[in-house]
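For clarity, chains are labelled A, B and C in written order, and residue numbers in each chain start from 1.
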Amino acid sequence: MNTVLAGWERLCEGSAVARFIDINLRGIGQVMFQDNPLTGALFLLAVAWGSIAGGVPAVVIGGVVAVMVATLTAQWLHVDPKALRAGLYGYNGVLVGLALPTFLAPGPMLWVYVVLGAAVSVVAMLAIANAVKPWGVSALTFPFVLITWLLLLASYGFGAIEGTGLPQGGVVGVAVPIESNPLHLIDFLGSALHSISQVFLKGSAVTAILLVAGLAVSSIPAALFAVLGALIAVVFAHLFGAESDLITGGLLGFSPVLTAIALGSVFYSPSPRVVAYAVLGTIFTVVVQAALNTALIPFAIPTLTAPFVIASWLFLLPRQYFEPTGSSDGAA
Amino acid sequence: MNTVLAGWERLCEGSAVARFIDINLRGIGQVMFQDNPLTGALFLLAVAWGSIAGGVPAVVIGGVVAVMVATLTAQWLHVDPKALRAGLYGYNGVLVGLALPTFLAPGPMLWVYVVLGAAVSVVAMLAIANAVKPWGVSALTFPFVLITWLLLLASYGFGAIEGTGLPQGGVVGVAVPIESNPLHLIDFLGSALHSISQVFLKGSAVTAILLVAGLAVSSIPAALFAVLGALIAVVFAHLFGAESDLITGGLLGFSPVLTAIALGSVFYSPSPRVVAYAVLGTIFTVVVQAALNTALIPFAIPTLTAPFVIASWLFLLPRQYFEPTGSSDGAA
Amino acid sequence: MNTVLAGWERLCEGSAVARFIDINLRGIGQVMFQDNPLTGALFLLAVAWGSIAGGVPAVVIGGVVAVMVATLTAQWLHVDPKALRAGLYGYNGVLVGLALPTFLAPGPMLWVYVVLGAAVSVVAMLAIANAVKPWGVSALTFPFVLITWLLLLASYGFGAIEGTGLPQGGVVGVAVPIESNPLHLIDFLGSALHSISQVFLKGSAVTAILLVAGLAVSSIPAALFAVLGALIAVVFAHLFGAESDLITGGLLGFSPVLTAIALGSVFYSPSPRVVAYAVLGTIFTVVVQAALNTALIPFAIPTLTAPFVIASWLFLLPRQYFEPTGSSDGAA
């Protein structure tokens, strides 16, 4: 693996085209925090499978177009070259490009939306990374969430863009009985796999396996925390009596998967205490996911990865208490 | 009083059990900013009365369980010992533990919720205290508000947790005629007392008197500002023509009570100008309370103490203009 | 022009009354970022025309009362004298004073609201300016937006204040067909002018022309960017298929106008790259305006200038990438 990557890196040093491809692949890999072009290639394969098998090729095309627009925008804005090469200006773009064709009907204005959203995702990344810098946390996928929410909300006011895949709006608390059935083992495994693939907005076991493979070539701990996060999410969502269709579709698990990777791999010295903390954060992400599912009902838009962002910021802000160098002057 | 407290402190120095009790009592006292175990004991008595007389003992049990879980979580996270001993990691937990049984139906999963919420309230306290540190303001009860909102919103998606005490969701502006009757003197006094007791989610005159006593043993000005805040809230809510039932239930006054204590006791040198500023902030908290009552209608959750947090942050951020050492390089 | 202004400045140095008038006029000018009393006078004339011609003199009276209350409050709070003289504590007040009589029915409590809102707008200005100082951006009109939103939301709970001009609440996504007709050239010009005048909550071509004149006497680039912003907004709103009535009323264009002035005049060295960036930000403001139109449906309140604030903060936070002295240590 390392020989392949080293050869590829030499190629990139000599070829602007290869470098451009490399940056975009790393951008795709950064959706799950991996600065690795092979991971990005496997993720792209995973998304292409889910998109084409699901009969919506526009989704993967949107993702590819958007990540390239984002990279070009970042170059135009003269961003820090090191961060650019690590794919840090691409991962929000690729998610915008996957999300818009997932929720909006095809048409020429959809592609104007994809290009505009991808370009502005870079501005949002620069803005939010600046905004959170004083706290030593990173922007996570909040730029993607913010820009996509704005574009989807705006679609309700634009006749040229139709939100065919958007959730139905409504009033919270008007009784909708929850269908919570006992989970069989086979549902359980499927639910966990779909929780992983829904990080890229797809419910597909093949996609999930390719994503885990993509994580594993870059970081075994990341792959393990992804699987752990999915299992925790399915168990606790079921325990809380959540709607079975949401669980088996992976729709309560994708944010916990991301939280588990983020909390599990960001701390300096893994320890039982750190694992317990990451597990607590992952469980709480299930609550945040269910909470945002409710809170967004009046707005008729999906949560995207906002539950992951909220829970991870909450659990990452106090990380000084887990770091060897952290001084103990705390909250008060 | 001081002799009793000094004796108790000596006992705590020699006994881990007494120290643990002390920390939890101070945590209860910090709900109204008092680092004093006797205040905490009186507050606990006030809540126990309101809870048991109201036929919902689960509320005070929830509060006691939660404050202890919060303290243990804080110890596990190795927080700053001085802040821990002052009860700063307990007050959000006790409020979470009082609120959940107030709004949710009894049952085993309610207690999972109480323990989870109390533990995460400490993480939220560390996170938010870190987040607001650059501005020199404190976290106030925002950790409680945030975690409880998330847990309550999530309950709409969880079949195992039932929100029997939650408000009805609806659409803002669909005409609900406001019943605003002239207040008699007796209503006026009851309204003011209920405004104080609703800080602990109870409408009870006995609870209110015990709370004021608890404040007075620690700080006479705090007790005076609490009463002043309650009176201002009732007068202005009535002047604005608010619903009489909300006024007499104390539901428009608990946030102004907290604002009055916070603004009245945080400034260095009390002066007519400071008192006028605190009064302005207290009046505006009535507006913020009514505003959040409206804004949360679509979400079918209660405001909790969010109006106090918003108004107090707004009025505390410019506090440099009231401090002798404050340099005059201001806003622009 | 400069001779007139120099003579006026000499007058102000000798007369407290003239200075007070000067500060208030500059406050009105700062609504569009101009520290210039003549601009303020022309803006006041523009608003007076729109208000009186529209049959709602209470609007301009509210604006005048509010800007004076704001200035007096700022003096009472001992704010920085330089910022005070530049009108930085007046522009939020004048907007509060214009907005409240626009959306609420006349009556004695409306004027209590105007005075309270204007006074608290200064506290909010100090608070938010403090809050955003670490990022080197300014408070923009967020104090106005925040305080007015709170006052309008609260009006639904107050029987003594009636929201006759507030939008109807509803559920997002319940089909409302969008009426998007081809724009004729005459509509196009009217739409652009109304986009400018709606910055002061009026749809009036005369008001718009007076506002552009007011900008031009202070800054030709600001006037040009205002017109450019209006044209971009109308073209792109139409391209996206927005409701024609909203476009011709200027209701999708006032935030883009403000974004265009803010982004176009804040950067050190104008260049084609800066203009392209400002144009991108202005286009995106149209999306943010449509998004907030949707997002506020459940709350039954108007967006005010929130879309401008959100889009401008997003595009101003990364401004280091456009400044000669900006170091390149960026986001990551």
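By definition in this document, contacts are C-beta pairs under 8 Å (C-beta built on N, C-alpha and C of every residue); 3 or more make two chains touch, one makes a residue touch a chain.
These numbers were taken from a predicted model, which means no experiment stands behind them.
At the interface between chain B and chain C, two copies of one sequence, fewer than half of the residue numbers in use are shared by both copies.
Chain A maps onto chain C through a rotation of 120°, based on Cα atoms and reported in steps of 5.
Computed from the mean C-alpha positions, the centre of chain B lies at a distance of 36 Å from the centre of chain C.
Along chain B, residues 134, 171, 298 each make contact with two or more other chains.
Contacts from chain C toward chain A in the complex involve residues 134-135, 171-174, 178, 180, 239-243, 246, 273, 277, 280-281, 283-284, 287-295, 298, 313-318, 320-321, 328-332. In the complex of the two chains, the chain C residues touching chain B come out as 76-80, 82-83, 86, 88-89, 109, 112, 116, 119-120, 123-131, 134, 138-139, 149-154, 156-161, 163, 166, 168-171, 298-300.
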